[in-house]
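Here's the structure we're looking at; comments come further down.
Naming follows writing order (A, B, C and D), and every chain is counted from residue 1.
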Amino acid sequence: MPYFLLSVCGFILIMVAVGLIRILRGPTNADRMMATQLFGTGGIAALLLLAAAVDVSAVADVALVLGLLAAFASVAFVKNASRETDDLKGGRSEVRPR
Amino acid sequence: MRFILDIFTVVLLSAGAFFFLAGTVGLLRFPDTLTRLHALTKADNLGLGLVAIGLLPRTGGLYAAKLIGVWLLVLVASSAVSQLIGRAARRGTLQK
Amino acid sequence: MTIASALYIGLAVLVLALASWTIFAQDDYAAIVGFVTYGLLLSLVWVSLSSHDIALTEAAIGGGVTGVLLLGAGARLRGAREPTGLERPGIARRVSAAALCTLISVGLALTVLILPEPAPTLAPSATANLAATQMGNPVSAVLLAYRALDTLLESAVLPLALIGVWSLASDRFWGGRPGLQYRADREGVLAFLAQLLSPFGVLMGIYMVWIGADHPGGKFQGGTILAAMWILTRMAGITDTPPISRRWLRIVLITGPAVFLAIGLAGFAIPGTFLAYPAGFAKPIILIIEAAMTPSIAATLALLLAGPPERKPNG
Amino acid sequence: MSAATLFGVCSAALVGLGLYGLIIHPQPLRKILAFNLLGSGVFLLFGVIARRGAASGLGGDPVPQALVITGIVVAFSATALAVALLLRLFHETGRTTLNADAPKNSSDNPPRKSPDS
């Protein structure tokens, strides 16, 4: 069974790594960020499988932290990308939240 | 019983791996940002979810709760982010 | 070749591929996205080197806050297009730089290959004295007991870096709120995410600090997660950075290092040297240090990420 | 070849790549990226030395591991300071280069006037 878990882990890693070709190709930065997002999810799945194969419980905490923060960069990306267009339209976007 | 649980794990992990395959193929082959986003969410939601559920019989207690927790976290975060990316892509604010 | 070693080789190839992309990509922003992915990948590498403490730190800092910092900087600098060809180093400089770097890499790689066998290690002495610190995680014991001086110095470096960042403010914004204000998302998707995720993140951060004494985790990992949650609510437009002139903020920032230093000085009085803990009280003292340091680390990291003040205190 | 040796060679290559980027790139932002890459190579080297020192039931020597944790946090604060310096330079001069002779960029997004100069 550990062999099966490790092979699935390797397969998923290969898949998300191939998906990283999107970072090379673009064309927009949103596409690049989506490849990063896919890589984050695949990395978490690979970690969970690795943890199950070798029985290390601390790895699950690493997966939790990654799960909590993997989407974080994408949020920053979207926020910054749309803020830039606000900048171009007129001044800095300093609209107070209501 | 052990045997049945192993079959369960094998089937779900294979299905999860398949969704990662589908996500990658979609991300590389689909023609524009929105369709690629569609492919990505399949891997995010289903792929990781199937892997997490497939591993459940091999664990127990707090560890199982963490497995499900990881999935729920990614589910919430990635669907929110996907919506943000999708909306920004449709408005064209992400084009360079 | 086993499956495990095939996995390691694949990871190493991927690390080098992403590193090369970060260096050689034409577009700056694409290079930053590559670096963010590289940070995520590194935490997998740390897990395969069985360094779970480092994997947690890398996942929180390398995969999380560094990415946000660099993506923000890249977006704000995108207006600046350098005149091309002006400063591009010539082919001679490129070749000589490549030759120098190859030389250094080969030298380092050869050093790695001829490292002494068996490797020198402090692991036996670290575990032998673990009982005296009443802790279960040897890495935390190194950080807070054996080499507490290093950690004390680090806790001084963080506020110093923050003072450096703040000192870059324009005079008219001094004492104001750091960073630009994020516009609240009209449809509320991000606010929903922040409200759903941040309670869980705060729980996770405190859990990391709590288990740090016995399992992988600790104040740096926990503090980073707390900082990330604050930044998330800030990006969603729910919270805002406080003006840096607020007294409560200064107190939060300085409490951790101050408590650490005070305990260090108290070591002169009771056991006899700086940063020595009285026998039998090591664990409670370490817990006090961790509890005091965590909010300071979280606030310092979040404000480092926000940058210098850019708005008036009331703006 | 063990995982430690493999990642040791990998970290040596990372140090070389990072150094190359640091020398070659004229833009400070790329220099910051390259410097972080160089730093991560050094951290990985420490991690390899820690892994080789695995003994007494531990996965690695805890002393280099603790050093790397300290290093990662300090590297982040140094990066934040460098980014702040760079943004300030951009706001002051409209340039993102350290070369004082370079002409100002002719972007349609002029930087804000410095209020205190």
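Here are a few things to note about the model shown:
We adopt the following convention: contacts are C-beta pairs under 8 Å (C-beta built on N, C-alpha and C of every residue); 3 or more make two chains touch, one makes a residue touch a chain.
The model shown is predicted, which means the values in this text are computed figures rather than measured ones.
Between subunit A and subunit B, the least number of touching-chain steps is 1.
The greater number of contacting C-beta pairs, out of the two interfaces A-C and C-D, is seen for C-D. Look at where the CA atoms of subunit A average out and do the same for subunit D: the two points lie 21 Å apart. We define each chain's centre as the mean of its Cα atoms; on that basis subunit B and subunit D are separated by 32 Å. For the pair subunit C and subunit D, the distance between mean C-alpha positions equals 12 Å.
Touching of two or more other chains is recorded for residues 29, 33, 35, 61, 64, 68, 70, 72, 75, 81 of subunit A.
Each of residues 73, 77, 80-81, 84, 96 in subunit B touches at least two other chains. Residues of subunit D found to touch two or more other chains are 109.
Subunit B contributes residues 6, 9-10, 13-14, 16-17, 20-21, 23-24, 27-28, 33, 36-37, 40, 43-44, 47-48, 51-52, 55, 58-59, 63, 66-67, 69-71, 73-74, 77-78, 80-81, 84-85, 88-89, 93-96 to its touches with subunit A in the complex.
Residue ranges on subunit C touching subunit B, taken from their complex, read 29, 185, 187, 189-190, 192-193, 196-197, 200. For subunit C in complex with subunit D, the touching residues are 4-5, 8-9, 12, 15-16, 19-20, 22-23, 28, 31-32, 35, 38, 42, 45-46, 48-54, 57-58, 61-62, 65-66, 69-70, 73-74, 76-77, 79-83, 86-89, 93-94, 97-98, 100-102, 104-109, 111-113, 115, 119-124, 126-128, 138-139, 141-143, 146-147, 150-151, 154, 157-158, 161-162, 164-165, 168, 170-172, 218, 220, 297, 300-301, 304-305, 307-308. The residues of subunit A lying in touch with subunit B in their complex are 1, 4-5, 8, 11-12, 15-16, 18-19, 21-22, 27-31, 33-35, 37-38, 41-42, 44-45, 48-49, 52, 57, 60-61, 63-64, 67-68, 70-72, 74-75, 78, 81-82, 85. Looking at the complex, you find that subunit C touches subunit A at residues 3-4, 6-7, 10-11, 14, 17-18, 21, 29-30, 33-34, 36-37, 40-41, 43-44, 47-48, 50, 52, 55-56, 59-60, 63-65, 67-68, 71-72, 74-76, 78, 180-184, 190, 193, 197, 200-201, 204, 208, 215-217, 221, 225, 228, 231-232, 235, 237-238, 311, 315.
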